[in-house]
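I have a structure I would like to understand better, so I am pasting it below and will then ask my questions one at a time.
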Amino acid sequence: MTSGGGRVDRCRRQPTVSSALTKDQLLTMYRKMYLIRRFEERAGQQYGLGKIAGFCHLYIGQEAVAVGPVEAIREDDYMLSAYRDHGQPLARGSHAGMLMAELFGRDGGYSKGKGGSMHIFDIEKHFYGGYGIVGGQIPLGAGMAFASRYRNEDRVTVCYFGDAASNQGSFHETLNMASKWKLPVIYICENNRYGMGTAFNRVTAVHEVWKRAEAYGIRGEAVDGMDVLAMYDAVKRAAEECRAGKGPVLLEANTYRFRGHSMADPANYRTKQEVEEERKNDPIPRLQAHIQKNFKGVSDEVFETLRKEVNEEVDEAVKFADASPEPSLEELWRDTIVEEGEEDVKPRERVLGAKVDWPQLPGPKDFEVTWDLEPRDPPAEASKS
Amino acid sequence: MTSGGGRVDRCRRQPTVSSALTKDQLLTMYRKMYLIRRFEERAGQQYGLGKIAGFCHLYIGQEAVAVGPVEAIREDDYMLSAYRDHGQPLARGSHAGMLMAELFGRDGGYSKGKGGSMHIFDIEKHFYGGYGIVGGQIPLGAGMAFASRYRNEDRVTVCYFGDAASNQGSFHETLNMASKWKLPVIYICENNRYGMGTAFNRVTAVHEVWKRAEAYGIRGEAVDGMDVLAMYDAVKRAAEECRAGKGPVLLEANTYRFRGHSMADPANYRTKQEVEEERKNDPIPRLQAHIQKNFKGVSDEVFETLRKEVNEEVDEAVKFADASPEPSLEELWRDTIVEEGEEDVKPRERVLGAKVDWPQLPGPKDFEVTWDLEPRDPPAEASKS
Amino acid sequence: MTELMYREALNEALNEEMTRDNRVYLIGEEVGRYNGAFKVSQGLLDTFGSARIVDAPISELGFTGLAVGSAMVGLRPVVEMMTWNFAILAMDQIVNNAAKLRHMSGGQLRCPIVFRGPGGAGGRLSSQHSQALEANYAHFPGLKVVAPATPADAKGLLKAAIRDENPVIFIEGERLYAIKGEVPEGEHVIPLGKADVKREGKDVTIITWSRMYYFCEEAAKALEEEGISAEIVDLRTLRPLDEEAIIASVKKTNRVVIVEEGWPHSGVGAQVVDIIQSQAFDHLDAPIQRVHGLDVNMSYAANLEAATQPDAPKIIAACKKALYREDG
Amino acid sequence: MTELMYREALNEALNEEMTRDNRVYLIGEEVGRYNGAFKVSQGLLDTFGSARIVDAPISELGFTGLAVGSAMVGLRPVVEMMTWNFAILAMDQIVNNAAKLRHMSGGQLRCPIVFRGPGGAGGRLSSQHSQALEANYAHFPGLKVVAPATPADAKGLLKAAIRDENPVIFIEGERLYAIKGEVPEGEHVIPLGKADVKREGKDVTIITWSRMYYFCEEAAKALEEEGISAEIVDLRTLRPLDEEAIIASVKKTNRVVIVEEGWPHSGVGAQVVDIIQSQAFDHLDAPIQRVHGLDVNMSYAANLEAATQPDAPKIIAACKKALYREDG
């Protein structure tokens, strides 16, 4: 896929496996990216109408960073992110209406409206949130990978965080442990160049996040985050390494958010030219161009139809959210503490009455722990360098 | 100075300035190292007698890591460390009796017996503590350097921390800021290979702490911490760089503690052989050998006399501490909060009635702030990588 | 007197103290070019330059500790916490270093530093972003804790906090930045540790601080219509507490309601209860009533968020309970 | 019944629960080859291997968050804090993630995890190492907080904490590890949230927890000689508080002394005061007395450290005050 320019020079080129993707697979990716785009545009609009409040961080411009990895991993692999968290669940197939309902703070939302935009959780789809403390999810991701390794599951965990989050101590502490214990976790730093109003490079000594991998003895790689296929390739490779016990891996997705940090942010800290420059990299038309170049006869209509479908889906989502009631006041006293014998809540079952196959967690004796996290060695050995 | 073996191979060799040191300067270094050794031996003994309680971390084996740097910097340069903090103040000329009195928890101690072994502060000698939370002093050191830079002082700060402390988030967060703002701080990691009972390498992915410097765009260097002259050379160079505005620098002093982590630790986690192997590196006889090799006619007697003097000095210190009373109970209500108009306490004046010239801190208008920490640049520039 | 917004009053305090004393500088996230997440530092970068208005990386523990270190050697930092929810990451540097330096050094050092930023619910921000954490800091000796309700108090107390020789936790109301109020002209410094009787009354004493004050005023007005005269004591400083002012008002009204935004368990309100019952036991005609945030995590949903927080009706009900007029 | 040391009782609880449930693992500094800084995990590495007894780097925030993440997907971690003084570095992961996960996910997730380690003064360790910080955690909804005094309670409560479906803060007494006590044989689980009347009495109620319990016993014995019968209520769980047990005892004796090791301001004792005055106001014959650590930083010097902490004489004096027998 041809580079849209930008910072591809910062990416180490690798052999691609994405070339094997079929037209349908590529169209699916296109559809997912456009779904995210449209969903976010409507969310922004609904925010303007006052139906969404608080902080709402849109994913517009970064769609490829969610869709590439989702297509590259298994459905049962774990994924989690920060508060800019609408893109990944949509890519994993979460119910757009229930997601919008969560943004509206309605009972029909994934968290009954308790979490809101920053705390999206869809456990059925193995999306584990949704965190508001910058860097706070980084150790969680390692812990989820620890659990998989502990139970001899060949699952990987994909943990997203922002460029600015890489300056948190949690990043340092976690990557050292993840490396030492060879945890199957893929860290994807979404470098959109800004932490709120502060350019990453203004407050960071070394501008390439992937270079920090070396300090932990793991593989780091820069990826063109505006190229969904580059993201797909990078994560496919990383996932294989992790499943082979060679993880973790640190990927730096060079991307850009076309909107402000949150709906509250006018983004005066960057120039019009800069934004226009980056918009030329828009991952969605880039994928369309790629498909049309590689598969003759995929007409513009095909894409128009797709977009029309998605637009309708998102209209439905807004309708769904509008129709959903506020949570009942009894909810005040639920979910702060798990009461004796209380079951977990299955959102699609609760809200849609759907039959869901909920992730079954192994019980006390459903597995043996065979992992030797630190093979014994004579004390003397331990202190050799 | 010939290597005593060990991990010198891990050190990048550099041109030495220590070769210019006179015989008297070298003898002073010897005396200081032996003073620390003897003081710590007696402290251990007094602990056994129950006169010292709580945690007491001895510096035996690491003397060169304190003495080399102290000789390489100016008297008014700042220094601080963790809880293994008897060596540096002794090297800077703190009153051995008052230091021992602090270990005893007596009124004659530097902190009136309030801090004890882990919290030695001698501000008159520009030694700023003495911290018990692993990694807690790392940001403080950058802050002291920040203040020097802010006031256009050409002072450097030397901040010590242990190998295990380098796995704390505070290390990561601080080194990024120190590098970005070019703070005149020299970080000396005392790599004695263990954090309590855990070999550093057992819990750390990359075993060379100095290599982490690269992740922050600063210079890292491994130094033979059992070689006082190597420490002297490394810190002389680093201090020059810092004063020239090229700081910070990260030095890894490869050293070893001959005793357990604290008086409570039998150190069963390492083998006799390992300890004996390292004792061959004892920095004190190594310096004696060096002096006698390079300065003919410095007889063994010279050193014996020196040691005898020091032994007496330390005997005096113990007597001084024994003679010092417990703090008065009124002290309970002092020093938690600074009361209106309250002066700072000058230990040698308070305890010995000595005239001290206390570090004068510039007042509100005693200086202008001319430092431009982040020169303005067009926003676009800010986001270039 | 000029009318200023709470954020403007804070901005004036910073501006005046930084002009008066070159040792004072501000460090935090977005304080410089962005002019502050809540615009408290508006314009200060242009006035004082990048060494005195320092844009920090998102490294709360690191830049807080850095500021503490600079205070140890004679600077007077003001650390802006974007919100106190995030400052939990920096708590070790505040309570283990700043609060203990004077003591560990046996009086050789002092640590004059202000940690300031918004506390409490900002509005529809869910559980991680809506916490009122003053009790966690008021617990520690070696710290002072301040939480002003009005622009005048915000300015006067921030100036005093910056001049104080100790670490001061300065908690602003995240939803108060835009409220307006009269602020005295010229040098206006309010001593720490002094409460303010913001409304005189004789039937019941309402003790509160920060944003809750406004609900108390609302409640007091409503009660007045019903012939109930409520006195409002705004603590302003939560450590040290102004026990004198508290007891004086209790002895006057003999009935007490304490209103706080945070959770009940081991909250500052509980400490005020203890002070009153131990020092004015025989002056209490009824149990002390507490109004506080519900003891649950904060939800994003509008109705749940509202129900979780104190408001005027809850305060009115509590006052009537204290007056044994439930059905009043 | 067998006599065990407090640390042995904890070790048994860990051993039994880990044998019973492969999802349970222990992570922390020095827990493995070193057998624990306080030897609580003695022998467990050999029994369960390095994946279930995990030696962590000194990265409190990191390994605590890692453990929380593993609990989100079905493991049941026990995180050993070498002491709670150091856990302040990890507090964000405890209060912003563990305590809020169930809520943020709207009930989809649970976080069954135990954070355990010694709290309180260890003896001559100065200010940074001597803190009793239970109030800071008891403040947060979403957490449970436990602080056992005896070996039997230590074992029974730790087993219950490990089986609980919520994050539990388990605070051990740093100076209790070597004390001995009878521990019931076999399956011994004590439900969280239940206080224990450790001594029956009728004249005054002493409410306490953890190490302070022993001073209370000492005081009660001395008072007995003077014909004063003191009842001792060991709270054991600090969140949720056993209000029923507290009120029952107060209604029986009408006089109360609360004894805690920590600082007074917004301490757990203050919350107990509030519970009593609001639910048993008319049953109080005297102000509630509190005995607590002095509101200052802890010193290393033997005499200052001793004077800073509660002890039997202080408790005796407080009881007499509660009985209006100051000069008794």
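Each chain carries a letter (A, B, C and D) given by its place in the written order, and its residues are counted from 1.
In this text, contacts are C-beta pairs under 8 Å (C-beta built on N, C-alpha and C of every residue); 3 or more make two chains touch, one makes a residue touch a chain.
Everything numeric in this text was worked out from a predicted model, so none of it was measured.
Ranked by separation of Cα centres from chain A, the top chain is B. Chain pairs B-C and A-C differ in how many C-beta pairs are in contact, and the one with more is B-C. The geometric centre of chain B is 39 Å away from that of chain C, both derived from CA atoms. Chain geometry summary: the mean Cα position of chain B and that of chain D are 37 Å apart. Per-chain Cα centroids separate chain C from chain D by 30 Å.
Shared interface positions of chain D, defined as residues touching 2 or more other chains, are 55-57, 59, 61-62, 85, 89, 92, 96, 103-104, 126-128, 141-142, 295-297, 299.
Contacts with at least two other chains are made by residues 112-115, 119, 131-133, 167-170, 172-173, 176-177, 180, 202-204, 269, 335-336, 374 of chain A. Residue ranges of chain C in contact with chain B, taken from their complex: 20-23, 25, 32, 48-52, 54-57, 59, 61-75, 92-93, 96-97, 101-110, 141-142, 144, 165-166.
Residue ranges of chain A in contact with chain B, taken from their complex: 7, 10, 167-173, 175-177, 179-180, 193-194, 199, 201-208, 211-212, 214-218, 269-271, 273-274, 374, 378-380, 382-385.
Chain A meets chain C in the complex at residues 53-55, 105-106, 112-119, 131-135, 164-165, 167-169, 195-198, 202-204, 269, 326-327, 329, 331-333, 335-336. On the side of chain C, the complex with chain D involves touching residues 61, 85, 88-89, 91-92, 95-96, 99-100, 103-104, 126-128, 135-136, 138-142, 239, 241, 262-271, 273-274, 277-278, 281, 284, 286-290, 295-297, 299. In the complex of the two chains, the chain D residues touching chain B come out as 29-30, 33-34, 37, 55-59, 61-62, 85-86, 89, 122-129, 294-297, 299-304, 307-308.
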